[in-house]
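The two complexes that follow have chain A in common; it is paired with chain B in the first and with chain C in the second.
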Partner chain A sequence: MAEMLLPSLVDGLLLGFVFGIAAMGLSLIWGVMNVINLSHGPIIALGMFGVYLSFTHLGLNPYLALILVAIGGLLVGVLIYAVAVHRVLNAPHLSTLLATFAVNMIIIGLGTAAFTVSPYNVDFTLGSLTLGPIRVPLSRLAAALAALMVTGVLYLFLNRSRPGKYIRAVANNRAAAELMGIPSARVLALSFGLGTMLAAIAGGLIATFFPFTILSGGGYELRSFVIVVLGGLGNPLGALFGGLILGTLEGVIPVFTVTTWVPVFEFVLFVLLLLVRPTGLFGRRR
Partner chain B sequence: MNAWRKPGLWLPLVLVLAAGAWPMITGREATREVIFTALMSVALASSLNILLGYTGYVSFGHIVFFGLGAYVGFYMMSALNMPLPVAALAGGLSAGLLAFLLGKAILRLRGAYFALATIGVNEAARAFVNNFHPFGGPIGMRLNFRFYDAYGGAATALWTTFAILVGLTLVLLVVSYLVKYSKFGLSLLAIRENEDAAQVMGVVAPNAKTWAYVISAIFPGIIGVLFFFKNGNIEPTDAFRLHLSIETIVMVMLGGQGTVLGPILGGAGYQRLRGTLLVTPLFKDIQLTVAGILLLAIILFVPAGIVGWLRGRFPMLRRVLE
Partner chain C sequence: MRHILLKAVILLAVAALGLSACAQPTAAPEPTEAPPPPAQATSEEPVATAEAMLEPVTLTLGFTSSLTGSQNVASVRQNNGLALLINQINDAGGFQVGESTLVSFDSVTYDDESNKDRVQELYTRLATEDNADFMISPYSSGLADAAAVIAEQYGKIMITTGAASDSTYMLGYTGVYQTYTPASRYLVGSVDQLLSLDPSLTKVALVHENDKFSTDVVTAAKDYAEAQGLEVVLFEGYDTGTADFGPFINKIVAAAPDALLGGGHFADGEIFARQLSEKGVSLKYISLLVAPPEPDFAQLGEAAFGIIGPSQWEPQAEYSPEAAAAAGVEWFGPTVTEFVDAYVAAFNEEPSYHSAGGYAAGLILQKAMIDAGTSDPEALKAALDAMDILTFYGRITFNTTAEAHGLQIGHSMVYIQWQKDAAGALEKQVVWPPEGATADAIYPIR
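Showing the complex of A and B:
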């Protein structure tokens, strides 16, 4: 058992980075505009298919394709914000939840018509690296590194650049930010776009090592909810740590019991955390 | 009781009764199946409306009560050989009990946090049942065909189930109306408008919310037993389908949240629309997309739903549509 523990731990941790950036997108959107984006899953799936299509039809290297996927994710997010979210931003929660769920239905409907629900995979391997008892597929390692890089860039963007500071100002107090002359509608659209961009990138990274269908995003969306609550709703960097925790759990629990028990633990933990520490493990006490 | 003289009560009842009697008079199975699906949606939407429309709490995982009640009832029928009425009651009560236990805990959460927690509860329940061997794990359970003999064979059992569903929907609508116009209902409406203010005015919010949650959970539990009795087998993915949960919210929104009549129009209308889209060649493949666009249009432009819009547009209708 001990010799299985270390490899599964490493596996889970590497996967956790990718889960982390998917959840970061959800957390960013919540933090800036108090919207839970229920179209998160389909966007992750679109990211997967983005990488797949650019790999098979344009012959692009999957990691280069990620740049295209990121731009696409940003644009789709801005579009979703403009069409579905902006008008109901100040309405009760139910409206934004349902509006983003409507977007979810639209994307899944079109996606199923275009790709059916059969599985696809990106036929691309980087080989694997062996370190003592641990054998790591390089694609996982690359995905974890890419996720870290994305986190770093996001951190710098939010803290150093002018639009990033705008985003934080709007998240902090929209009315005050508007009084200071910040164009809040554009900033909100940008934040939504960044959130979906992160989801699309996460999807693209997952596509490099797992097979997927148009419906695969749903599972990652649910995981993102758990992670976001672990890290604290609205705390994008907490989401990365939440992702690592969830990845570790997913890696380690199957060593001790049947894999199918993993979601039971995850969601029980999720509900308990919401009850006990809704601000997350790293959040401030209310 | 003078509530019986109000059109706000008997209009919904007459609608449901007419829909229920239609296939019984014509005796056509195809019509019965269509109406069964519609009535099931109406009943699920009406029970959710007690929590969502009156109390203002968005339960995204309400289908957990449907699934859990169905599993308990189904287990009693297939493993313990209990009759359907006992199983249905047990399903409803166990759903109510779960709501009571959960209610004390998760109803403390507000807004989006509550919505997220209900999704978590549904997913946890599904994952648990998937691993729970007495309930058949991922394969689920099935009813022996002989079981239907006690109800006069499978064909008659389907008619019986239909009749029970019609009766249950009528009871539910009366409960929904009585809740809305009782003192209890007023405290729920007060919680919806402003929970803190309601508490200051003497509403014991935690208790009121919990009871609203319990009432809105019992009926889905019974419906679950009826549905899977009719189906003959049960699986975790069918019983705890998060998508159905969200569709139910859509029905409540479409008809008009917080009204007695709204969920009827919403539930029946949504199923009618879905049926039409599924058989129209142009929309067959993208029916989900068309439904999504419609949902978006409702949320953006008619957030009060059909009944709410009618009430706002034609003030004289306010005495009739409640």
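Showing the complex of A and C:
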């Protein structure tokens, strides 16, 4: 058992970085505008297909294709905000849930019509790296490094750039931000777009080492919910740490029991956190 | 607020209506070129005669295919094989049944989306609205199980193909007949081959997709392996749709088996093989279900090298009219070469065993009608019960006991391995059983 732990831990951590990026998107949107984005999963799937189509039709390296996927994710998010979210933002939560759920169904419907539910695969490999008893597929290592880079860029953007400061101001107090001349509607649209951009990037990274269908985003969306509760709603960096925790659990639990028990443990943890510490391990009290 | 909610509900309803309107029956896929009718090497001629007194009758075959979903790859090939037979029969004007009937086939088919619930809905529709005369199963044991219930309920004869699970034929059905070698015998040959290659080998790992077919296969393989004195160091299943085999592979590495047997279907088998290679797992022998015999498996490149797969049929198979004569069994249908050439001409690709199974299912039905001299279901059942023939696909004969009626007992598996030709390109070779082998097995592979 001991000889399984280290490789499992490494696998789980590497995967956790990508889970964390996906969850950061969900957490950012919640933190800024109190909206739970139920279209998060299909946008992850769109990111997967973005990389796939760029690789197969444009011949782009999947990691370069992530730039296109990021831009596409940002634009899709701004569009979703403008069409589905903006007008129900001040309505009760049920309205925003319904609105984003409707977007979820639209994306899945269109995606199924375009791609069916057959599995797809980005046939691209970077080989493996052997470090003692551990052999790591380089695509997972690359994904983890990309996730770290995205996290760093996001941190700098939120803390050192003017739009980033606007986002933090609106998240803190929208009315006061408007009084200071900050165009809150545009800032909210940008925030939503950033959230979906992160989801799309996560999907693109996942596509470099796992097969996927248009429905694959659902599983990662569920994980994102667990992670944002772990890391704290509205705390993107907390979401990254939450991703690492969940990834570690997914890697390590199978060492001790059958792999089919992993979701059971994950969601028991989810429920316990909601009961004991609903603001999450790193969340702010509201 | 209320009007926003109302708008949202209306939008959802319109979307739901639009999606439900998209469900349409699909026409049976046409081959790209009309294949030539195969030369029949038997005294029975299942092609049209020129006699003017024959009454043309069109019988409807009803079936679903997984044109989308996880079973897509194998199902499309199965569908192609069946479509080839139907087109050959129809292009020849039909085949004579009895004294006065010239039978040709029509088909009604739908996309079952690899979904069991859809299979049940669609086979009910085939039986009650489309008035299918006979049914062919969808691909995969799980879906075939769902379809067989409906066929039996409505009294339709069903030839299953792409479905190896034994348990389907232990439910008391009288009109369901199996084309494939049963799951219980899928990996028996792998165990025999393993012990033949390395009598000193002691430890095997058995892993499987948590579905009916794969579980049946590895359960039988486990019993057989242990009966042969092997130690099963890992016996575990993974959920259907698993994409990350990392934790699983770590367990396999920790268990330190010499050989790995099992798997599931094409999608997961392909990913499993890829991730085994990425992790550099050192195994002497790997035998995976379903995926390796598919030509698409070669897309894995080096990850495919050395992988063995049990196959219901391969183009290198040695079945022939001469072999039938030597075995004292009747030969029926095209030769292996005729089938392969016709399939390649029609679909511009090499046939897999899924393709051969689809064709064989239609061939079985055709032969049963010729033997019975009628399309009456009860007479056909008697003909199927009495059937013992050799075809390009192998021997066909059915269990007729009440406990396992319709179970295939004549057909045997062959085992292929991906090796490299002189130019270094991947190619399949039959490596077991010895009497059918086209090359020696590579062992150990890593």
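The rule we apply is simple: the second predicted complex is superposed on the first by the 283 of 286 C-alpha atoms of A that agree within 3 Å, B and C clash if a C-alpha of one lies under 4 Å from a C-alpha of the other, contacts with A are read in each partner's own complex, and residues count from 1 in each chain.
Heads up, the rule we're going with is that a residue touches a chain if its C-beta (ideal position, glycine included) is under 8 Å from a C-beta of that chain, and two chains touch if they have at least 3 such contacts.
In this text, all values refer to a predicted model and were calculated from it rather than measured experimentally.
Touch criterion not met for A:60: it reaches neither chain B nor chain C.
When both complexes are overlaid on chain A, the residue A:264 reaches chain B alone and has no touch with chain C.
Touch criterion met: A:95 reaches chain B and chain C at once. In the superposition on chain A, no contact is made by A:281 with either chain B or chain C.
Of the two partner chains placed around the shared chain by superposition, neither chain B nor chain C is touched by A:148. Of the two partner chains placed around the shared chain by superposition, chain B is the only one that A:34 touches, whereas chain C remains out of contact.
Using the contact criterion defined above for the overlaid structures, shared-chain residue A:222 touches chain B, although it does not reach chain C. By the document's definition of touching, neither partner reaches A:237: not chain B, not chain C.
By the touch criterion defined above, A:68 reaches neither chain B nor chain C. Residue overlap on chain A between the chain B contacts of one complex and the chain C contacts of the other covers 87-88, 91-92, 95, 98-99, 102, 105-106, 109, 113, 258, 260, 262. Partner chain A is touched in their complex by these residues of chain C: 1, 4-5, 8, 11-12, 15, 18-19, 22, 67-70, 72, 113-114, 210, 236-239, 242-244, 246-248, 250-251, 253-254, 267, 270-271, 274-275, 278-280, 299. Those residues of chain A lying in contact with chain B across their complex are 30, 34, 36, 83-84, 87-88, 91-95, 97-99, 101-106, 108-110, 112-113, 222, 225-226, 229, 233, 258, 260-264, 266-268, 270-271, 274-275, 278.
Residue ranges on chain B touching chain A, taken from their complex, read 52, 56, 58, 60, 105-106, 108-109, 111-113, 115-117, 119-121, 123-124, 126-128, 130-131, 138, 246, 249-250, 253, 285-293, 295-296, 299-300, 303.
Contact residues of chain A toward chain C in the complex are 1, 3-4, 7-8, 11, 15, 87-88, 91-92, 95, 98-99, 102, 105-106, 109, 113, 116-119, 121, 123, 125, 127-128, 130, 135, 137, 210-212, 216, 250-251, 253-255, 258-260, 262.
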